[in-house]
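In what comes next, subunit A is part of two complexes: it sits with subunit B in the first one and with subunit C in the second one.
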Partner chain A sequence: MTFAVELGLDTLSYSLSLLLVSLGLVIIFGLMNVINMAHGEFFLLGAYSVVAVQQLHMPYWLTLLIAPLMLAVVGLILEELVIRHVYHRFIDTILATWGISIALKQLIVIVFGPTSQSIVNPLPEPVHVLGVVYPSFRLFIMGVALLISFATFWVFYRTHIGLAIRGVIANRPMAASLGLNTRRMDRWTFAFGAALAGLAGAVMAPIMSVDPQMGGGFLIPAFLSIMVGGIAHLLGVVLGVALIGTTGTVIASVDTQVASQVAVFLLAIVVIRIWPEGLIGRKR
Partner chain B sequence: MTSRVSMGRPLTVALWAALMLVPLFADEWSVSQLGQYLTFGILAMSLSFIWGQVGILCFGQAIFFGLGAYLMGLTTLERFTWFGGSQTVGLLLATAGPALLAYVLGKLLFVGRGLSGAFFAIVTLCAAMIVEIVAQHTDFIGGFDGLLGIPPLMANWRVGDEMLSTNETFYVVLGSALLIYLAALFVQRSPLGTVLAAIRNNEDRTASFGYRTIDYKVLAFTISGAMAGYAGALFTAQFGFVSPAITGTALSTEVLVWVAVGGRGVLMAAFLGAVLVRFVESFLSSALGPYWLLMLGMFFVLTVVVMPEGIFGRLLRLPLPRSWREPRRVPAQADHGDAKPALAKALESS
Partner chain C sequence: MLKVGNLVAGYQTGSRVLDGFSLHIEPGEVVALLGRNGMGKTTFLKALMGHVPVSEGSINFADEEVAGRKPYEMARRGVGYVPQGREIFSDFTVEENLLMGLLGRPDLPQKVPDWAFEVFPVLHERRKQRGGSMSGGQQQQLAIVRALVGQPRLLLLDEPSEGIQPNIVEEIGKVLARIAREQGLTILLVEQNMELVLGMAQRCLFMENGAIAYETSEVQQLRTDPSPIHRYLSV
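Up next, the complex of A and B:
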């Protein structure tokens, strides 16, 4: 029983943090039609902002503010310098963001060194949940992820800005001709997606091994989630993340990490093969 | 088309001639290094073939390279006991195996509604990562350590001195590269290549001309896989060592960088891109240390944004085959069932 509860909590915490990464990715993809290969490195920058804050002997909680702000600025700069020049060349956005990811990763190696950094857990005492002893920080992660996800959904489906964004996704020229500034929306969406990834990195850093390669470990499952879930509706991402996250965590707990990664990949391939548009496809 | 007079053909010939002359004045170590870079050049051509010609961006080209390398290593180390460590069989297996894998992958991913360009790229990226992880944990192929002590290329027809010298190995590799280049070029400039280029420009339109675009894509992917596998086998025989790293995302994306920097649309430009980037890297990576990769990444972004054709793409582009430039004048009524002139015209105008 305790095993099941623990597994359930692990699955939930992994899936929710994956959701944070995937949400930014899918909003950028949906709105701007840009596949952001550098998203894993945005996550990485967020995690290393924790390292930097710790080295300056400032409280951890500060990073929850610093990381998203910093990544929003990074996102704005990159959008202005690189992304906006390749919008209309779809494949080239993949390449350009991949190049950005190489450069950012190497920048981290140069500044912080290639080895992994240890982060002091800000909430060391475990708590009792449903009869199991569970690290309280993981519960905190779940809370943050839930909060941010709900906020994103609320903005997307219940506010004027969200309506405008969905309008641009549905029909960009029409939205532009109705007077929406699509250029400004692209810019801020990219910044927002980057900020989400940065926050995810900052939140996850204390429970992960923080090293320059950690971004890819989240990027791949996030991509698979998006493809499995489909990009038509934000709920698709939730579904994809749930499927990928659950499969990954459950198999990793009964078998090896390798088996889990292979299983997740095969599952994703099968789903994509049967439903190329994702589980929640675009309505036609 | 940009200009009537193209420098592409003389430059290409000059480059191959220059490569032939390298062993005359370079020392042995440089020649052996260049021999390895040439195999990366073949890998780059295989990517350029599928990406530049058909427009399929593959983020997992190293899967085929690595599979070729492993098959070559396993055969020559006599892990497959029934071949007696023959290098010829090794090379054949290393070409056929990856081709088969590419065929299956292509069938899996293209058939039906298929995956759009970006999703295909991501799936191949994930596949490369998975293959690398699996290779690390498969004991039969050496796990994390890989395969060590793979014998170099031998000359079985010679009695006594069987091992090829550095220069001889270099010429074997260079000859292979040239043959593969010519074969790929021949395919590109044949009617088959026309259809492939048409698929790149507009798949729906090509399908409506009556071409089974999926079959063509699978075929092109298979050819590309075979090229990459053969390159992997040659690499292994020179390097003497296969590790899981050469099947994974690292090499897959590196080759992407080379091809994008060199020029994705032109085989020779992709080849030169790979050889030159490796060459420059061997000088600068020790001098610049970690800054080399940073610079390469930024340079890559710059190339993609400013020069989608790559550094050498425009320079080394060959003129179109004569029959495309001057389509035969066919009476309008007799022109049934042969869409080639129409395709060629569509390509020229694009």
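Up next, the complex of A and C:
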């Protein structure tokens, strides 16, 4: 029973932070048709902002502000310098963002070295939940991720800005003909997606091994979640993340990491084979 | 209101779908642009809206040179666009579609005004219904009002009668003619349906090979002497 509760909580905290990464990725893809291969490195930069803050002997909590802000700026700069020039060439966006991803990874190696860094747990006192002793920081991660995900959904489906973004996704030329500055919306959406990934990196850093390769470990499951869930509605991503996150965490706890990876890929292949548009497919 | 001089434009660099196209529209005028398929009518509207690049010539709107402006800049300057095929947001409700006509307009209140639901009563009845669930004619009415809520000075309509039952075409014609008369709205209508043109237009321009080939202000005479229609419109 204890094992089950712990596993449930672990699954939830992993899935929720995966959701933060995936939401940014899917909104950028939906709006700009850009597959952002550098999204994992946005997560990485967020995690290393925690390392930097720790080396400067400043409180961890600052990173919850610094990481998203820094990544928003990084997103704005990269969008301006690279992405906007290759928007209309789909394959080139993959190559260009892949290049950005390699460059950012190497930048981290140059500044912080190739070895993994350990982060001091900012909430060392465990708490009692449902009869188990559980790290309170993981509960904190869930809280932050839930809050930010709800806020994202609310903006996307309940505000005028969200309606405008969905309008551009549905029909870009028409939205522009009605007066929407689609360029500006692209830029800020990209920055917002980058900020979400940065925040995810900052909240996950204390419970992960922080090393220059960690970005890919989140990018791939995020992609799989999006493909499994579909891109017609943000709820598809929630579904995809729940499936991929649960499968990965559960199998890893009873078997090896390798078995978990195999199971996750198998699941993705089967779902995509049966529902090519994802579980919540695009309406035809 | 609108002065276009020797416009050359096309989808790729060097292509001349519009080839020396000129026209002049006075404020408050309702002008019909006619011609066979492929003569450049839609391309002109797109070039005017900034969707198609202009390689030569000028577009002067409300005493300002606007050739090469982006679509959103044209909308904010007061050009309302109802494209061919309506292009409504089919997953959005009627009300959300109308709101889309305002979200790109920081100069206007971000709330759909009550009159928008009264222009065509069906929009009031279907206010909360998905745009895509309506008939073609109702979608056309929605697209027109979506442009009107942006309070345009010039309204561009691209084949509003296409694929729509005749009684709705008639209703659209009457409503637009009344708005033009009462509010002084300038309208440029691209059409092949002569009934709608004869009911609304004060001037007809006939287009051939990317330029205006013939024009007449005696619109009603086209009923008795349809030779320009035969010459420039019939196959």
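Heads up, the rule we're going with is that the second predicted complex is superposed on the first by the 284 of 284 C-alpha atoms of A that agree within 3 Å, B and C clash if a C-alpha of one lies under 4 Å from a C-alpha of the other, contacts with A are read in each partner's own complex, and residues count from 1 in each chain.
The rule is short, and it goes like this: contacts are C-beta pairs under 8 Å (C-beta built on N, C-alpha and C of every residue); 3 or more make two chains touch, one makes a residue touch a chain.
As the structure is a computational prediction, the values presented were derived from the model and not from experiment.
When the two structures are aligned on the shared chain, A:151 is found in touch with neither subunit B nor subunit C.
Of the two partner chains placed by superposition, A:130 touches none, neither subunit B nor subunit C. Once the two structures are superposed, subunit B and subunit C can be ranked by residues of subunit A touched, with B on top.
In the superposed model, A:170 lies in contact with subunit C only, and not with subunit B.
Once the two complexes are laid over each other on the shared chain, residue contacts for A:58 go to neither subunit B nor subunit C. When the shared chain is aligned, no partner comes close enough to touch A:77: not subunit B, not subunit C. When the two structures are aligned on the shared chain, A:4 is found in touch with neither subunit B nor subunit C.
Shared-chain residue A:181: touches subunit C; no touch with subunit B. On subunit A, the surface touched by subunit B in one complex and the surface touched by subunit C in the other have no residue in common. Within the complex formed with subunit C, the residues of subunit A that make contact are 160, 163-164, 166-167, 170-171, 173-183, 283. Subunit B meets subunit A in the complex at residues 55, 57, 108-109, 112-119, 121-123, 125-127, 129-130, 133-134, 136-137, 249, 253, 256-257, 260, 290-291, 293-294, 296-298, 300-301, 304-305, 308. On the side of subunit C, the complex with subunit A involves touching residues 49, 51, 70-72, 74-76, 81, 83, 87, 89-92, 96, 99-101, 103-105, 110, 146-147, 150.
Of all residues in subunit A, those touching subunit B in their complex are 35, 82, 85-86, 89-92, 94-96, 98-104, 106-107, 109-110, 216, 220, 223-224, 227, 256, 258, 261-262, 265, 268-269, 272-273, 276.
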